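Below: the structure, in structure tokens.
As written, the chains take the letters A, B, C, D and E, and residue 1 is the first residue of each chain.
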Amino acid sequence: MTVSLLIFLPLLAALALVFIKNESAKYVALFFAVAELALSAYFITQYHPDASVQFAVDQAWIPQFGIYFSAGLDGINIIPVLLCTLMVPIIILTTFKHEYNTNSNIFYALILFMQSGMLVVFTALDAFLFYVGWEAALIPIYFISALWGGENRIKVTLKFFIYTFAGSLFMLAAIIYLYTQNPGKTFDIHELYGLLLTPKAQGWIFWAFFLAFAIKMPIFPFHTWQPDTYTESPSAGTMMLSGIMLKMGIFGVIRWLIPMAPQGFNEYYPYAITLSVVGIVYASIIAFRQKDGKRLVAYSSIAHVGLIAAAIFAWNVNGVQGAMIQMLNHAINVVGLFFVWDIISRKLNTRDLGQLGGIAKNSPWFAVSFLIITLGTVALPLTNGFIGEFLLLNGVYYYNIRLAVVAGTTIILGGVYMLRMYKSVMQGPTNDLTITFTDITGSERLVMVIICALIIVIGIYPQPILHLSEASVTNLIDLVNKKTGPIGAVSAIPAH
Amino acid sequence: MGVSELIIKAILVVVIFAISLVVAMYSTYAERKIAAFLQDRVGPNRAGPWGLLQPLADGGKMFMKEEIIPTRASGFLFIVGPALAIMTACIGSAVIPWGQKIVAGNTVIDLQVTDINVGILYIFGVVSLGVYGIMIGGWASNNKYSLLGAIRAASQNISYEISMGLSIIALLMVTGTLSLKEIAEQQHGWHWNVIYQPFGFLLFLVCAFAETNRSPFDLPECETELVGGYHTEYSSMKLGFYLFAEYINMFISSAVMATLYWGGYNYPGMDWVTAHVGPVIGPLIGTAVLFAKIFLFIFFFMWVRWTIPRFRYDQLMDLGWKALIPLAITNIVITGAWITIYDKFFK
Amino acid sequence: MNTLILISVLPILLLYLGLYKAKNALLPITITGLLVALGLGIAQWNAVAEPIYSGMMQFDRFAIAFSGVTILSTVLILMLSKDYFERISDHVAEYYAIILFALAGIIVMVSYHNLTMLFIGIEIMSVSLYILAGIKKNDFASNEAALKYFLMGAFSTGFLLFGITLIYGSVGSFDLDVIRDWALTHTSKTPDAMFYTGIMLMIVGLCFKVGAAPFHFWTPDVYEGAPTLITAFMSTVVKTAGFAAFLRLFSVCFTSISEVWVPTLMAITILTLCVGNITALYQHSFKRMLAFSSISHAGYMLFAIVALGANSGNSVFVYAIAYSVASIIAFAVLILVQQQSGNDNFESFNGLGKSNPFLALVLTIAMLSLAGIPLTAGFMGKFLMFSGAMAKMQIWMILIAVVNAIISIFYYFRVIVAMYFRSAERTELAIPGYFNVVLALSAIITLIVGIYPGFISNLI
Amino acid sequence: MESFFNTVKYVPLNHYIILSSILFCIGVIGVLTRRNAIVIFMSVELMLNAVNLLLTVFSVYRNDAAGQVFVFFIMALAAAEVAIGLAIIVMIYRNTSSIDTNVLNKLKW
Amino acid sequence: MEAQSTAINYLPIIIQMLVAAGFAVGTMFATHYLGPKRQTKDKLTPFESGVEVVGNARTPISIKYFLVAILFVLFDVEVIFMYPWAVNFREMGVKGLVEMFIFMATLLLGFIYILKKKALDWD
């Protein structure tokens, strides 16, 4: 049993779906997604939470260039893999009430293809493989968004594509540079970790990787593609983008950016953190002014991701662990929020906050689940957001108290605009439009129940998840610190 | 090569030049006489005894005639055309060996203007240049007849140049050199190339007729169709140049044929003669023999002109392309095969 | 060697077939002949490659590999030619023959071991192409293309020849090995002005031939004016051959004095990339866009020569395959679309995704490959090029290349956008069987090379 | 006088190189500045002939036949190009039904 | 083969050219000054069998002439290839013979082809 199973199952499913041209496509897709989830659950139960790589596969791919199909599970990627396999069936389930046009099988095939690409990204232990997965995940989402998106989709999605592709090309250049510097002439991650590069080269590599990941997450000021794309994409696409794909960026920072160029990181991380924090505040303020609910969620996502990034760049155990769990949480919450807006816009054909109100009155299921999701997003204790944001702020705090305070405002700001959103949608008087809103049923209700359950369960008992990654994270941080000395304002870390 | 030698060469050049002109002049006379003879007429007989001064009178007339350059002609090119024609005709003689070396005491006089190792190619080059004079003149006249004549001349010349080149190749395979001097030397005594290459000679002869625009290949100036052909608009000495060039060409090509195929200045028993008359007279006798051969060829040119009717243009092209080229190639193949077999088995 | 002989005899056979009105036999015989030639070439793969014919040619693996690519591409293109030439004129056999003559020149170009043969190969190819560019006798664009191509080709030949002459003047031989040895003893410490001038002039000449900026200005007009099928041939097979010849010369002879010519070539490379990409952005015609994109791809392939190394041959090989196959797809689809809509604007592709999903899919794969997206052959090509350049530490060059790759997305995606995301009323295109085979084959090659390049990427 | 003979007999290599270069440059300039297709083509031929001259000279000076063999190939090529070039130009004349070379002006780059 | 000719061997040819040119130019000038000049408009119009001149003489001519010119250029150059071979034919022996025969066979194939294509038929 290796992770190649995990990677190729969705790919096979995607291929199979191309030929299933009737209504049953969505059921087949769901079946495969659930099977994939079961598979990953099996892996996680079998996983020993230490720093080693498990279920590894290491096949020669293009051996003359030192390229291997090398992948495996360890503490760094197990949570992203979990969230990827977990979210895809949920997202597929959210589409059940949608009527995507005749080619719905292609739609599901693209989603599963994308899942496969993302799993490659998460599990890859070979830089080349990583890059291939990175791009392979991009193509399907481009087509999903551009084929099934809204009015301005053509322009917006092309912008999105070019942004991300541009970033990734710089990353490719950095990867190739690492490869040429590697005396063993392989792309093996552990060999690349061991390289001794000049500080100048490390600086280049840092920025090249940073560009790729910052665009993907996105970090201010590389975020301009994001709100438009999130708004124009079909809901499932937005969920894939925000729920899973942006985690590729976060994951990349932890896995590739910092360990590959520790000295470059050591030199430039203050800029990175500053950008992240600026992004938090900026996105929060913009979010305030949004009338379009989906757009508001998009900006809130920038803010949350900014916090995760800031904590990672602070590079201590708390921050990175927080990032790990917050990746999962953010995925759950943001998928939930986008689903909420998907339901609203499908039923009422608008996303304008000003036109909504009073929906809670005749749709209790919807109201309760929306509330739970909102609370999870604003990080109320006992919801999943709390533990994540706590660890993150803790991590930033170790780096710099003032910055942590600024970043902490995000919780307050986030609370304000999220609750304001909830209020203007659900409460107050009903109007002609919202009176027609009917409560969620069937697959919608199922999705909501799952999401709410996840929010609460993780909020109450996050320990098993944190435990999965702890050893590897500690190990990785040590590895980097050994090369650079402790990162950042070490003196700020109080003695435990 | 020193200064003295160069002066000798210069004298030789002038002498040969003069001889060419004289031969050309009297060729015109000969042509008319021969035509008259063949047609049972008298021919020119007023100027001097038997009309011998006729060429001089003609020449004088050319000088005195009015010079006309049509208004619509391209003035410069109109003049350049005939000048080029006569020039190219005159320089061909430079590589022809007119005789053996004359040894007079310490001075050795080579009866050849210069012996270059690509003599045949030089001749070819000069011959190909010849068509420019006609082409330029015909085009510059801005007259439909002239243009047609010029284009015909060009087409005809280039077509026959191919077969001419091919027919020479068989000869080169026999001789193994491009130097005319050496070729002449190889034919010492009676070893004339025509014995080894009779067929090649015939081909070459036909091509020579075509290259000099002589009847039956005189389509470029055929009076019945094109008035005067390329020189319709010409008058005075410029017309004279064109006519003259044709006769000089005839002289040169006769010399070339004689040298390449008919032994040049060689004749059977020449060693014996030279041994008896000395190294000055001996070579001069050889030269006289060469000229005899040349005159024979010139006579042949004229004989043919007044015997055979003119070709039609399509017949002319068909002959050149569809008959002569394949025949020449066949000749090469046979020669090549024969020499190889001979060298392998009979040597 | 047998390959070359066969490919030289084949067109003569075709000409005579054409004389005796055996029109239906032309295409099958051509393709069979080419495949046999390919087989003959491959059969020599493991043979010891010595210079043959007094050191004129050397059929080493490099030669065989590039012969293989060019022959295969030609086969693919010829399969598209069913009924194509018949529409232009009656002299179909001649067109096939001329294409094959060009191919014979190309085989010489990739296997020369003496500058004489380089020259002869280039010229056999070029002269054939001058004719091919003008086969639409009544179309003024085609005429103009032929004349332009002819004049520029002849002009560039002049430079190439002058370069060769100067090198000959210095070295005293046309043999590549002798030139190499001579260059070894005349490095920058003991420079030789004539020799270096010769190299520069050869660069100019060769850059003309491969259409690198600033010597590219003829390319767009010629590519646009020539009949589409011929454009396909020119921009794939011919370009590949040009680079193979370029690379062969420089990798064999001039490695030891790379500091002399690398700066020049680097400037040319960068200029080529930028000019090709930026001008491609402003094109409204798909065909013209492909012409400019071919310029920019020339820029990428020049990378291999600038960063000359053991792997350069491989890089160009893979890149050439990727580029050729993708271009063939693009041109094939263009031919079909042109037949239907009568023009080659991007708008004529609108709605193709709905009416002809297969066509749209393969064209998408081709465009992704040209843009260098992973899992397509184009990515592997770019990857190899970048690795080669990176190994030589030319980082800023890579950056420029990366920027250009990003720009290229804009225009490659225009056609994808047109096909899928813009709708238009259109009837389904009828795709002849030959086209289907070619398209499917090309798409499969693109994907296979993209996913598992192992089996071709270290051939040479 | 003797020195004159010697110069003629042993023309220095440099003179040939300079002559060929000048011819070549004239050809290049002709191609770049002239507007008539035929004149451009003639300029190209001039370039080729400059090359031919130089090759022959090198060949003689180095006593190596290869250079002169190359000249043959260049001549063959020039012939082929003349053939094609003439054909193309004639084709254009026929299409524009004019022998006016100004038609080709639009081809100036 | 014999020794190379040097540039000095061509000097007499130049002399001969100068003499020929001098003759041509001199004669031209002589006739120019000797001959009478009584030019009239009619004398200066192109001769067209005595009728009014119609149009320009430089009209397009039959394509056949171009074809012949093109074919000449090609064949003539191929012929040039045979000269060095013919001169050194004996030294090269059977191998040279066979090679040249192949060359000529190719040439002949082309020749037959143009014949069959009726490129040389004048009608």
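As a working rule, contacts are C-beta pairs under 8 Å (C-beta built on N, C-alpha and C of every residue); 3 or more make two chains touch, one makes a residue touch a chain.
These numbers were taken from a predicted model, which means no experiment stands behind them.
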item: Shared interface partners, meaning chains that touch subunit A and subunit C; value: none
item: Required steps from subunit A to subunit D (each step between touching chains, minimum); value: 2
item: Chain nearest the overall C-alpha centroid of the shown protein atoms; value: C
item: Maximum centroid distance from subunit B, chain identifier (CA atoms); value: A
item: Pair sharing more residue contacts (C-beta pairs) when B-E is set against C-D; value: B-E
item: From subunit D, the most remote chain by mean C-alpha position; value: A
item: Between subunit B and subunit E, centroid-to-centroid distance (C-alpha), Å; value: 15
item: Between subunit A and subunit B, centroid-to-centroid distance (C-alpha), Å; value: 95
item: Chain centre separation in whole Å, for subunit D relative to subunit C (CA means); value: 28
item: Inter-chain centre distance, subunit C versus subunit E - centres from mean C-alpha coordinates, in Å; value: 40
item: Touching two or more other chains - residue numbers and ranges from subunit B; value: 1
item: Residues within subunit E bordering two or more other chains; value: 4, 8, 11, 58, 69, 76, 80
item: Set of subunit C residues in contact with two or more other chains; value: none
item: Subunit E residues within the subunit D interface of the complex; value: 4, 6-8, 11, 58-60, 63, 66, 69-71, 73-74, 76-78, 80-81, 84
item: Residue ranges of subunit C touching subunit A (in the complex, touch as defined); value: 368, 373-375, 379, 383-384, 386-387, 390-391, 395, 398-399, 402, 405-406, 409-410, 413, 417, 420-422, 452-454, 457-458
item: Subunit E-facing residues of subunit B, complex; value: 1, 6, 9-10, 12-14, 17, 62-73, 79, 82-83, 86-87, 90-91, 93-95, 113-118, 121-122, 139, 141-148, 151, 154-155, 158-159, 161-162, 165-166, 169-170, 172-173, 176-179, 182, 227, 232-233, 236-238, 241, 313-314, 317-318, 321-322, 325-326, 329, 332-333, 336-337, 339-340, 343-344
item: Complex interface listing, subunit C residues touching subunit E; value: 12, 15-16, 19
item: Touching residues on subunit E, where the partner in the complex is subunit B; value: 1-5, 8-13, 15-17, 19-21, 23-25, 27-28, 30-32, 34-39, 43-49, 56-58, 61, 65, 68-69, 72, 75-76, 79-80, 82-83, 86-90, 93-94, 97, 100-101, 104, 107-108, 111, 115, 120-123
